[in-house]
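Shared between the two complexes below is subunit A, which pairs with subunit B and subunit C, respectively.
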Partner chain A sequence: MEYKTLLAILLLGLSMVSLGQSGTPIGKDLGTTKMSDEALQSVFRGNKSIWNNQNPVTVVLTSSNSKGFELTAQWALDSDGFEFQKHWLSLVFQGRANAPVFLKDESEVVTYVQEHPGAIGILYDTAAPAELVIEVK
Partner chain B sequence: MGMLLFNGAHLQAQEPVTQFQMFGHLTSTAEIIENDWQSDFSLGEHDFFVVSKITPRISFLSETVVAPTGGMGHSSSGFKVSIERARLKYQHREWLSIIVGKMHTPVNYWNDVYHHGRLFFPTIDRPRSFGTAIPIHTLGLRLQGQNIGGINLGYDLVIGNGMSSTDISDGSLQKSLTAAVHIKPKEGMRIGLSAYRDLIKENSTGSHSGHSSTFHYTMGDANWYPVDLNFELYCFSFYRNRGKWETLLETTWNRNSLSDTNDPDLVSVLDSLGRSDNTTFYAYAGRKVSKLDRIYGLLDISNVSEADLHLKSNKLTKFGFGWSHDFSALVRSQVQFERYTGLAGYEVPADDKWEIKLRIAYCLY
Partner chain C sequence: MTFLNSLIARIWGPFMLMGLLLTFTVGFYIPRQQARTLREFQLAELGEVVKVMADNISVAGQYDDWSNLNEIFQGASDRPSLEFAALILESGGMSSLVASNPPNVTEATLEAAKDNPLLVMAPFDGGTFKGQVVVMGSEAFIDSELARLNFPLQIALGLVLLAVTLMYFFLIARVSRPLNAVQKVAELIRQGELKKPVENNSKIRELRSLNLALEGLRSGLLEQRNTNMTLTKGMENEIKRQTKDLRKTLDELQDSRNLFGSVIESALDAMVIANGESLIVEWNRKAEMIFGWSREEAIGQSLTALIIPKVHRHGHNEGMAKYHATGQGPVINKSFETTAMRRNGEEFDIELYITSVRIGNEEIFSSFIRDITQSKQLAQDLEHQRELNSEVLNGLPLMISLKKRDLKYTFVNNRAQEVLGKSREDMIGRTESEVFETEWVEESAELDQRIWEGENIQPLEYTFRHQNKPRVFLIGRYIITLGSDTPTSYLLTYGFEVSQLKAAQAQLEQALKTKDEFLATISHEIRTPLHSIIVLAELLNQSDRTSEIPDFSANIRSSSRHLLDLVNDILDFSKASAKRLELSPTEVNIGEFIHGLKRVDTTEQLKDVTFSKESEGCEGIVVLADRVRLNQVLQNLLSNAFKFTETGEVKLTIKGGLKGTDFNMLWTVTDTGIGISEENQEKVLNAFEQAHSGITRRFGGTGLGLGIVSKLLDLMGSKLEIKSELNKGSTFQFSVSFPVVDTPIQAASNDTRSPHIRGLKMLYVEDMAPNQMVMKAMSRPLGIDLHLASSGMEAIEQCAQGSFDLVLMDIQMPEMDGVETYKALLKHDAFDNNTPTYAFTAHAGGDESSRFMRNGFAGVLTKPLTPHQLETFLNDHLKDEQHHLS
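So, the complex of A and B:
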């Protein structure tokens, strides 16, 4: 195989991985439309329960066997979906966090977030409605 | 009432959202005591766990446990049902939630995080302090704040029925007080300190003293005195789970002393007894050897003074090592080799045995 062909395949592969992992956070009535990456990670780890506008936080995730769940786990917990599921099970068992809402797919995540003030989710494969997009600072 | 499955496949209704889970475990033990082998298979606690988000700010949590009576395995004769937690929580702000009901006393990491959740236990057994110094439950009022500021400061202030109360009532104006703080400066790390104070009426143990009350004096014991005791407990916890390593340290310092409300005539016969300083130390360190496997070691030391009127004196040590394997996030198996030892001459006889334990813990929903 030609060197240039190999390089092209490698670059294409890298760009696909990057695209797949860059999710778009969405939320409704969070009191802000901009958040830092660290603040978002903290929310998805269960470390925030009330937004600054006093709406309760509802974390919305796709099911634990979905690609989105795995990608969120890698980003939020620096781990995998297995550890992320245990992390949330434990938090809920302690009574220190409300359970996330798990939905079948990203279209359900969009619908849920649209209908619930304080809800926040991440989309990887679905186009995010502009009015719900949370800008990452 | 709507129900949402935690694993997620379906959203059947939206509000209120109620989840039902069951935590349980099966255990097998083989032990050798003075060249005498014993073994058993035992059915452990089964914990029916319910959480409900009633409104966006009000939630309910309960645990109803069906547990073997009289201990595990060959000493058990049946099962009993116990409401271990039933609490309503109103979340006002990040820094203030109000909780009422029966709850785990948030004095240390183990009691606050694991308690009946054996799926989460890093070792098969609870620390020995769980059956002695730790007041495991409180029925009362709790103010809680968490994730405050950059170090994720959390606090818990609890006033509730004391250690000699039952699940139904206390029958006393005296209440237990708990003050606990923790910080989570990094993800996967929690450092906590707590203080607990109670007056144990007539040295009686109620529903909240411990899950293994064989270490407590009770009516009928030769050295049991029906005196009021001041009970103070201070705890330090350190937990870290990052990368391949997971560690947990739990220490307690417990001071019991005669209350000045006691009858002088009764107290005078106790001579030098009545004021004691007791300590416990538990350490766990585990290292991941694969995504699903972890090897670990543990050390559990208990030291209860001979002067204590509430707890039977002892100097006991347990150490061991084990291997845990997660079949999934919901099923964990552990095998553990343990050596029990101690010093003779105390109220609780020195242990001298080896044990091999196998446990499978699971969560269903």
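So, the complex of A and C:
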């Protein structure tokens, strides 16, 4: 495992109280702009497949070897990226969730979210457009 | 094979086989091939599916491109040919089931299906995660596909089988049955049933043609038969007429033959007819029975060879030759006895009558033969029986004679001739008065006459002098009548000698008289001591007799012992007379035995008589003998010697010596007493008899002593010899032998120390209160811890409360006798079966003792029992107990 990744995991693990402290969730046309930390975790664990406004839930993640992916795995599943991938692969294999969309970096995440209603992602290094930011309660 | 060769089988059979082949093809072969192909398709499909899934997972892992996964996985799970799909990840060398679709698949499911050919796996490598996709084909998919594919074929198959079945019934109805009908018509024609025309209503052309041909055949045959019948009828009438005439002639001839045959067949004698060449031409039923040849076998055979014995054949041939030459025969028209031969070769007696008759040019000889074997045998048997009866009557020790109504002798047996002194020839055909000139003849003739007149005369005694001695005969008479049609009566006189019976009667009367005298003596002998006992016992109760008690008690004891000896003598003699007395041999040291013999004075006061013993060759000899009985013999002889000797001496001498393996001893008792006269010497050995009644009055005694001695010596194989002279003395002598015992008797133990009787816990079971009192009195001085039980039940109760060292059991008790009580005790849990239990009884017989011993008693004690005997018994018993314990 790379030094950066280990460092990121260590930092996140020490400071992991809620997502709002390290990353910014963004989304478009989700039927709400405020979500609790637990609700967000549930979405990123694949437990929700459709928003209240009937838009399909599309989880957008950065590539599996990115720092953001590891942080999200740590936050959402309290585990590492391998286990997070394994979790999602199991859900998709059983047809219980739509497969997440993996993008190269956070800028592509911002772009994809802006273009796809129901998409939701997390930004760690990039400033989030205000209209996409989801407030963590 | 009948069905296979039928028309139905030939027509319908190929269709049926095709149906079966079609059934096999459609129902079995094609589905099997289809299943195999479907399985191959399914496996190929599964391989493709799993490969696509693996590839997509690899791409998703390596390039973070999960865009196709949803569609791929969804498409796989929707396939009906798929049972399930599973995702296995490998991490750190371990495989784990991550997900499955449907989700109920577990690792155990995978393990169970690992050998299933429908289980297909494909590896994937997604960079960060690696593993395998597993899919399992559905078994039910193949089946459902097969059912779907084959349903039309199976419908078609069913239709084909239905068509084949309908075809069978069609052929039966339209082909087989009409052909059978034609066959039946043809059969009727063959059997001559031509009147019924052949029906022709078949719808099949060929059958109609066949029926037409049959009808032509039937009508032609019918016409031909009518013509034949007309011709036959004329011929039959002619034959009938001729037959009737012939039958009449034959019937007349047959009647004649039947009459002749019936005469021959029913003849009581064998009838054999032979021609001039001695060939048999007729042989009736009786001949079959006598000779054993059937009629069929005999007819045509040579008479000479068949029934004439070899010894007569030459004579027969000569007689026939002479007859042919001269026309004369010595046996023709004559009845004579000769012998003939049966089929088995047996020669037998016959009576024969031969006649001859000439028929045409031929001479026919008829022989009438009667088997006289049985009648000859009967005559012999009768003679034998008569001789037997005569022998029996002659051999009887009875006088027997028979007279007819004229009172003349017709039979006299040997005994009658012997006793009456006349021969049979002198007596047969004569009356008694013509034969005898004695005084009884007149009375006998009168009695004979009265018997004939029906009077019942009792047998009477007559005395005849026979062999120079007068002998008494009892003569009786009665009438016997033989036969029923023409009865013949005889007067049977019998006589048998009663001289010996008369003598025996006299002896019996004398014996009864002797026995009466003996009973009188016994009565006296018993009453005398009883008188003393009863009177002295009464006097003991008087308080002023205290000083006389010792004398009284001594007298009572003496009288009681005398009474007991008397009873024992009677019992011994009774047993000896009934032959129930048996010897019980034990080892006896003769020297010691002689040493132990003492003078025997039965009288109260010692007389002026000396006693001496001399023995020779007896020291150290040990023999097997009944010590008790030998002692009894000598005690009796010595007792007699002392009894009948007032002064002088009684001397006992014994001379012994080896005789083979036995030791022989001659015992002699000599006294100087009153002696016995010669005529009384034999009498004294008989029971109950002393020399004369005066002896009894003077000396007392039952007279049994020498009788018992005689019986005992008889048992020992010896005999008492008496030499005596009146008023001078007597010598009684006997010689007896006993087997010598090689092993010397072991010295008696010096240990004569009496075991400790005092404190012995003894139960005495006795219903009689006096006996209980006696036992109390005897036990007290000995210090015995005596317990009394008055009945069997009381004894059982006492034994249930505690154990005893010894039990004395009376036998004769009411309700439960001693034997029953002892048996009950043995079954009782509280009773120690090892407790020595003795029968204590007045039954003195050996048989009774044996019975008690068989029932488990340790021994038998006989009443009366004196205190000294009780002490001796207890000492012996306790010594035995000590011996067993040591």
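Here, the second predicted complex is superposed on the first by the 116 of 137 C-alpha atoms of A that agree within 3 Å, B and C clash if a C-alpha of one lies under 4 Å from a C-alpha of the other, contacts with A are read in each partner's own complex, and residues count from 1 in each chain.
Here is the rule we go by: a contact is a pair of C-beta atoms (placed from the backbone, for glycine too) under 8 Å apart; a residue touches a chain by one contact, two chains touch by 3 or more.
What you see is a predicted model; the values in this text were computed from it and never measured.
Engineer: Looking at subunit A, which partner touches more of its residues: subunit C or subunit B?
Structural biologist: B
Engineer: Would you sort A:Ser49 into first (subunit B), second (subunit C), both or neither based on which partner it touches?
Structural biologist: first
Engineer: Once chain A of both complexes is superposed, is A:Tyr112 in touch with subunit B (first), subunit C (second), both, or neither?
Structural biologist: In the superposition, A:Tyr112 contacts subunit B only.
Engineer: Report for A:Gln74: first if it touches subunit B alone, second if subunit C alone, otherwise both or neither.
Structural biologist: Touch status of A:Gln74: no partner.
Engineer: Please work out whether A:Thr126 is in contact with subunit B alone, subunit C alone, both, or neither, and reply first, second, both or neither.
Structural biologist: A:Thr126 sits against neither subunit B nor subunit C.
Engineer: Between subunit B (first) and subunit C (second), which, if any, makes contact with A:Thr32: first, second, both or neither?
Structural biologist: neither
Engineer: Using the superposition on A, tell me which residues of subunit A are in contact with subunit B and, in the other complex, with subunit C.
Structural biologist: Overlap of subunit B and subunit C footprints on subunit A: residues 63-64, 82, 85-86, 89-90, 92-95, 98-99, 101-102.
Engineer: Mind pulling up the subunit A residues that touch subunit C in the complex?
Structural biologist: Where subunit A meets subunit C, its residues are 63-64, 81-82, 85-86, 88-95, 98-102.
Engineer: Given the complex with subunit A, which residues does subunit C contribute to the contact?
Structural biologist: 57, 60-61, 64-67, 69-70, 73-74, 77, 85, 87, 89, 91, 98-101, 103, 127-129
Engineer: For the complex, give me every residue of subunit A touching subunit B.
Structural biologist: Touch list, subunit A to subunit B: 42, 45, 47-50, 54-56, 58, 61-64, 77-78, 80, 82, 85-86, 89-90, 92-96, 98-99, 101-104, 108, 112, 115-116, 118.
Engineer: Which positions of subunit B touch subunit A when the two form their complex?
Structural biologist: Answer in residue numbers: 4-11, 14, 17, 19, 23, 49, 51, 53, 56-57, 59, 61, 85, 87, 89, 91, 93-94, 99, 103, 112-113, 117, 119-120, 146-147, 152, 184, 187, 291-292, 326, 328-330, 363.
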